[in-house]
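Letters A, B, C, D, E, F, G, H, I, J, K and L mark the chains in the order given here, with residues in each chain numbered from 1 onward.
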Amino acid sequence: MNVLVLHGPNLNLLGRREPEIYGSDTLDAINARLAAQAQGLGVVIEFFQSNHEGALIDAVQGAMGCRDGLMINPGGYTHTSVALRDALSGVAIPVVEVHLSNIHKREEFRHYSYIAPIAVGQISGFGADSYRLGLEALVHHLRSKKAS
Amino acid sequence: MNVLVLHGPNLNLLGRREPEIYGSDTLDAINARLAAQAQGLGVVIEFFQSNHEGALIDAVQGAMGCRDGLMINPGGYTHTSVALRDALSGVAIPVVEVHLSNIHKREEFRHYSYIAPIAVGQISGFGADSYRLGLEALVHHLRSKKAS
Amino acid sequence: MNVLVLHGPNLNLLGRREPEIYGSDTLDAINARLAAQAQGLGVVIEFFQSNHEGALIDAVQGAMGCRDGLMINPGGYTHTSVALRDALSGVAIPVVEVHLSNIHKREEFRHYSYIAPIAVGQISGFGADSYRLGLEALVHHLRSKKAS
Amino acid sequence: MNVLVLHGPNLNLLGRREPEIYGSDTLDAINARLAAQAQGLGVVIEFFQSNHEGALIDAVQGAMGCRDGLMINPGGYTHTSVALRDALSGVAIPVVEVHLSNIHKREEFRHYSYIAPIAVGQISGFGADSYRLGLEALVHHLRSKKAS
Amino acid sequence: MNVLVLHGPNLNLLGRREPEIYGSDTLDAINARLAAQAQGLGVVIEFFQSNHEGALIDAVQGAMGCRDGLMINPGGYTHTSVALRDALSGVAIPVVEVHLSNIHKREEFRHYSYIAPIAVGQISGFGADSYRLGLEALVHHLRSKKAS
Amino acid sequence: MNVLVLHGPNLNLLGRREPEIYGSDTLDAINARLAAQAQGLGVVIEFFQSNHEGALIDAVQGAMGCRDGLMINPGGYTHTSVALRDALSGVAIPVVEVHLSNIHKREEFRHYSYIAPIAVGQISGFGADSYRLGLEALVHHLRSKKAS
Amino acid sequence: MNVLVLHGPNLNLLGRREPEIYGSDTLDAINARLAAQAQGLGVVIEFFQSNHEGALIDAVQGAMGCRDGLMINPGGYTHTSVALRDALSGVAIPVVEVHLSNIHKREEFRHYSYIAPIAVGQISGFGADSYRLGLEALVHHLRSKKAS
Amino acid sequence: MNVLVLHGPNLNLLGRREPEIYGSDTLDAINARLAAQAQGLGVVIEFFQSNHEGALIDAVQGAMGCRDGLMINPGGYTHTSVALRDALSGVAIPVVEVHLSNIHKREEFRHYSYIAPIAVGQISGFGADSYRLGLEALVHHLRSKKAS
Amino acid sequence: MNVLVLHGPNLNLLGRREPEIYGSDTLDAINARLAAQAQGLGVVIEFFQSNHEGALIDAVQGAMGCRDGLMINPGGYTHTSVALRDALSGVAIPVVEVHLSNIHKREEFRHYSYIAPIAVGQISGFGADSYRLGLEALVHHLRSKKAS
Amino acid sequence: MNVLVLHGPNLNLLGRREPEIYGSDTLDAINARLAAQAQGLGVVIEFFQSNHEGALIDAVQGAMGCRDGLMINPGGYTHTSVALRDALSGVAIPVVEVHLSNIHKREEFRHYSYIAPIAVGQISGFGADSYRLGLEALVHHLRSKKAS
Amino acid sequence: MNVLVLHGPNLNLLGRREPEIYGSDTLDAINARLAAQAQGLGVVIEFFQSNHEGALIDAVQGAMGCRDGLMINPGGYTHTSVALRDALSGVAIPVVEVHLSNIHKREEFRHYSYIAPIAVGQISGFGADSYRLGLEALVHHLRSKKAS
Amino acid sequence: MNVLVLHGPNLNLLGRREPEIYGSDTLDAINARLAAQAQGLGVVIEFFQSNHEGALIDAVQGAMGCRDGLMINPGGYTHTSVALRDALSGVAIPVVEVHLSNIHKREEFRHYSYIAPIAVGQISGFGADSYRLGLEALVHHLRSKKAS
């Protein structure tokens, strides 16, 4: 089982950017913990971060045929990117959407996600723990599907 | 650590009601798995289901002073109950909101949650696994808070 | 053939409450006429009225497996209850929605019904006669379905 | 007692047009059954179908002074014709609005009816049976009014 | 100077239809007064009424090249007919829009006129006198234009 | 018969301000023509212009008990002044609303008039001629009322 | 004179729930002060609190024929309960609506009250003093009505 | 303790303007009763009425440094005046907003108040009694604040 | 292969009506070019123009069973006719929608088409060339379908 | 070159009113600095402040023919005054709009400016420095225009 | 004559991505056919595909001064990219917008195109044939323009 | 003091793109003038332009820890980029937003800026002079902050 984790714009600033909203962990620390968790779950995991919508789309397309699942924190593109949504539904790989902050208690424009309607599910508000939960959710979903 | 799980209206039908949306697990099966999970986590857990908005509010109020955390699947009240929201923010106990189905891909009126803005976070779309993730998330949140 | 008639909030006041809108028949008188009509149609009929959304949901759930059809006047819950709608679509029993007054000529907030999209059909505006028509419609629907 | 039944645009296609939505009865078959029903009720009945908004308005106006009641299925004009509404409220003859399909579960633009707010009531969703119910409702309404 | 007066749907009912809204004059009486007024103003006038949107459009087109001005009471088509608006702007003859009732104090859907933005001006609310004022306005407008 | 004409903000600039929209007549020229017209109609007329919402309200109140009718061009206050509307409906003197330009073809925010729903009627788009028509309409309305 | 005071959901938490919004008085303390005030006014008073919409409706209905006036703080049901509004307008007993907090400065969804349009009036924002003012307002209203 | 009462536009017409909405008391009568009430409460009171938004703003500013509290019935400016709101929040004197009529049951545009979100509270619908209640509420609020 | 071309309201004015928007070709010229093009494609073609919504619907219905494809420029009915849409989806013949002008850069109310969602596709903005492209598109679509 | 600076409602309170939003400079201090700046730029400058919408309009009109440019901080009238906008576009003198606070980060109703669409440009959010920048912008604009 | 064809995000997946929506042709196949078609038309053609909004903008800018026309399928950027629209209107080269699927029958957010209002026209819904039609339309448009 | 100037998409076309909207200065000319102005102010300045949203975000992030202030003209991304806004608020460097054209008088979709609510202030409409004013505003802001 092979999983790609996509981090959207500004997530490379984690730990340095508005810690009262996004927490004090760095992205490297999060990725390291995810790698350990993946190993425990017997899952191959890789990571990609970009501030470029197009680069994220390229990465999603690159997953076609070689990844079993995707976990994405689309950052600001959550609310504005039809193109990213189209890439995700185009490759037809199960995707789990995660957010560090609870987007439903922030500005009005953060309440709508273009990604959620084509994702398996959405996890929002648990800080860095959203990623851990997201990986569990994704692996569980993929194993259930395979089992059925 | 002491946690109450609240199941809103129609969740007692689980396994029998629209399984293509809500899955084939019964509520008892879900509760049994949560109880086992809680034991593993060293957490006391109890369950309450009701179709009555008022009974859910009574239960939330009853948690005041004796529960450390709440997990709720508010069902149809998610989208209509200011009173339930007020109860949850009134008792000031951390609450995690879970949904079996991905509410963001269903009817327009299911996209808004009155509960989400006063919850720690929201988990939506993973079927019965949403509960398992929700309990993990809640316990992790409570332990982090205590630690800090 | 076995039918349950559900009367929502304030319908127990019928005959006493705003007769210029709702007419001067009491609920007992309406139920008595429906019972006679049902007998003529060879249908078993029972009645339930409650002002409690949760009690109505309980009653809908109780119909699962033992009723062939439901007729409901959801009263004020027509416009606000996702939970009642979920119960009705959850039990998957054909339901006919009736209203004494013509909800489409009243306040804006009465124009939308959460129930109508999951009902067989809606009858609105004929006073107590809406119930008689609704029972005919329901029985006709059930018999057509069985025939086909 | 003298009743005119008005069929709006495309109802002449009944039985041939989208039978999964509108059923397989032809308009002639429906009219024949209504005629028999009317005879049983001791009511004179006539029928008019047109695809032309103006022809329907002419027919409504022609009913002034010679019809006691109207039953109309305004078809697509339900949602767009202020002129037809004005004709109906102008002649001041009681009118019952019927729809074969349940307009409340179809496209958003079919939810609003210009006719409903000036009709006695609306019946929607029972296929060809909507007409039978509509005639009963209309005759019952006219007889109650006369009686009072 | 040659003027055509167009009466939209249901105006043939004038004097018989909802006199508390539209007054008790018949359309013939109004036309007769307009004819006299036109004669006094040295203007040729003709009249056309139809309940058919298409017939009104035909009449507007027929005015091309042979009328100097148009006065129209578009009735219910005021609020729904893009096609009539297109005809009026297509023939490029100055048009004055009149209404018997004050459309701005009636139902919300009567507040918007598709015709007004392409008319010289609009006169609304003076009963049959709206027509007299409209003819004065139109003739005055045409004479000013010619003078300039 | 005694009539007050109220000119709202910026109408004192007439002839100098945006003549392509408002025409080249000055307010004095318009008032002079209205005075002559009033004399012809056997009506006493007076004029008041102000850029101050409060002064216009004072003038409306001052008309109570001593004016039979009001004609008002509320200018920019048309679209923003509830207080002016309240004054006009408070004194219960028939009021005719006039506009030089056709407000229905200008910016969206000029389409709604707070005054129209409490006026006898509205005349819009005929340049300075709107005033002449408005005075005719007002006098005709007052004489019809007295006659009835 | 006989008055019933209805406290909606979560008001039993008063003094314990979000005191920065709702104040530090308990409901018992407020009721005690209201009882003393009622005695001073020569009015019989009773109290009822429930978190159940249905129970509040039952209580409103129970007031029919035996109460002269109602004072209600509908809590969260203010913004969501058509059924409670229908009960209040159904029993036709004068009702005064009170709120501890100023609902007009809180979340958007708290700005609309289903109750206000069928109440005598609304008092909002004065903490526990809203109740005292509400009782004065209600008694004054009832005595004025009786006097006239 | 020193209080200023501000009466907005058209309130000088009280007793003469639409008594079925605003009651038959004159403003002088109301002020006289308020003066007596203030004396009973040991409070200095003054009154100011104007139809001019600017004059009301001047009066609010004049209260800075010499008044302890304000009571205002902003009349039509309630729904349109950002400038009056800014004045009131600028002087930072506690203000109570009162309305004679129940603004929540009148036209849609009267439901929103620019003043309410910066007021202590709002009292609406009790006729002239709204003022008496407002003065009580204001004095009670000021005394509580001083006490704390 | 047999194709019907439908021209909606005001298209008979082509070449004379607002040439800066609609071009200077007449409808006859366009039809002649389409006939030649059809001959080249080996397709039978006929034309129908009407200003009457009902006549267009009649023509659509008349195509049932004898036409393989439809091309329609619905003119002003594009934005207002549910009945025409219902006719087109009722006959279940593939339809291509064309517009001379680019409706997406004109008034807001021209942006929505009732026809587009039930058409194969839409071509808009190429003047008379839209028809040529539309015929190509339609024939290509029909031949692909047949081939598959 | 001759410039008039207009200060809208409540700006006379500057330095005393909500300094955390508007800063601690008084209006006199700002005007003094602007006068010095104008002298440096070789520009004649005058100032006018009023809380009265009408007085501001009078001042705008008074500038006609004797001022080359206007700088305005319309305060609360920014969001509500069509009349002030009409005055500014009526006199056709270039106007620069300035705001002390960043109106785009405050309440929703402060985001729309009636003035901006008819101004040269808008400067918002720099405290008292907005005025200095506005004067520079205005003088630069006037000199460029003259140069071209 | 020299034409650039721009393919937006995810179009490189054509043939592999959701073939039931986008068809089974690959982008290379489409480009090959377009190249042949261009040769037949005597037109030089080049192609560019990118998932990057910025790269598409760069390409549009690169066309300035060296291309006569553009054809673009903006994919997901159709609905979200003001910057791409600005580039297209900035270079002032005629552009034709094409879509494989009929965007007017898909999700609500796909109905609005930022590109359409600045394009010559839009072709939507004909699968790969949309490109062929688009090229014809573009060449025809460029030749007509040159001819005039 | 060290400042970075960011130019968004299409600003590299300045002088060549729609000069009636954006002026005839090239970006190099503007940058040169800004460099001279910065030198005069004793400020280090650098410039960056990109059509790529991601590249702009990278540049914003690169400013963290080495720039004191940012000036940005976000071009088309003003209205669509949550990611750019997040970058700007993430690095917590004061930012001034400038626009050449007056965005408030252009298309509706240009009225909202995602950047403005997190900027110090916004300057819009002064052509190339907006940049000069923006730099002054930024430096003044930074120096005031340092001083306080």
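FYI, a residue touches a chain if its C-beta (ideal position, glycine included) is under 8 Å from a C-beta of that chain, and two chains touch if they have at least 3 such contacts.
The shown structure was predicted, so the numbers you read here are calculated from the model rather than taken from an experiment.
Novice: What chains, if any, are shared contacts of chain B and chain L?
Specialist: A
Novice: Please pick, from J-L, I-K or F-H, the pair whose interface repeats that of A-L, with more than half of the contact pairs identical by residue number.
Specialist: F-H
Novice: Note whether the interface between chain I and chain K is symmetric in residue numbering, meaning over half of all numbers used appear on both sides, and answer same or different.
Specialist: Chain I vs chain K: same; shared/all numbers exceeds half.
Novice: Between chain C and chain J, tell me the centre distance in angstrom, where each centre is the average of that chain's C-alpha atoms.
Specialist: 63
Novice: Go ahead and note the Å separation of the Cα centroids belonging to chain H and chain L.
Specialist: Taking the average C-alpha coordinate of chain H and of chain L, the gap between them is 46 Å.
Novice: Identify all positions of chain H at which a residue touches two or more other chains, and write them in rising order.
Specialist: 52-55, 80
Novice: Dump the list of chain pairs that touch, please.
Specialist: All chain pairs meeting the touch criterion are A-B, A-K, A-L, B-C, B-G, C-D, C-G, D-E, D-I, E-F, E-I, F-H, F-J, G-H, H-J, I-K, J-L, K-L.
Novice: Where on chain D does chain I make contact in their complex?
Specialist: Where chain D meets chain I, its residues are 8-10, 12-13, 16-18, 50-55, 75-80, 109-110.
Novice: For a test of understanding, state which residues of chain F touch chain H in their complex under the given definition.
Specialist: Against chain H, the touching part of chain F is residues 52-55, 57-58, 61, 64, 80-87, 89-92, 114.
Novice: Which stretch or stretches of chain B touch chain A in the complex?
Specialist: Counting only chain B, the residues touching chain A are 102, 104-105, 111-113, 116-126, 129-130, 132-133, 136-137, 140-141, 144.
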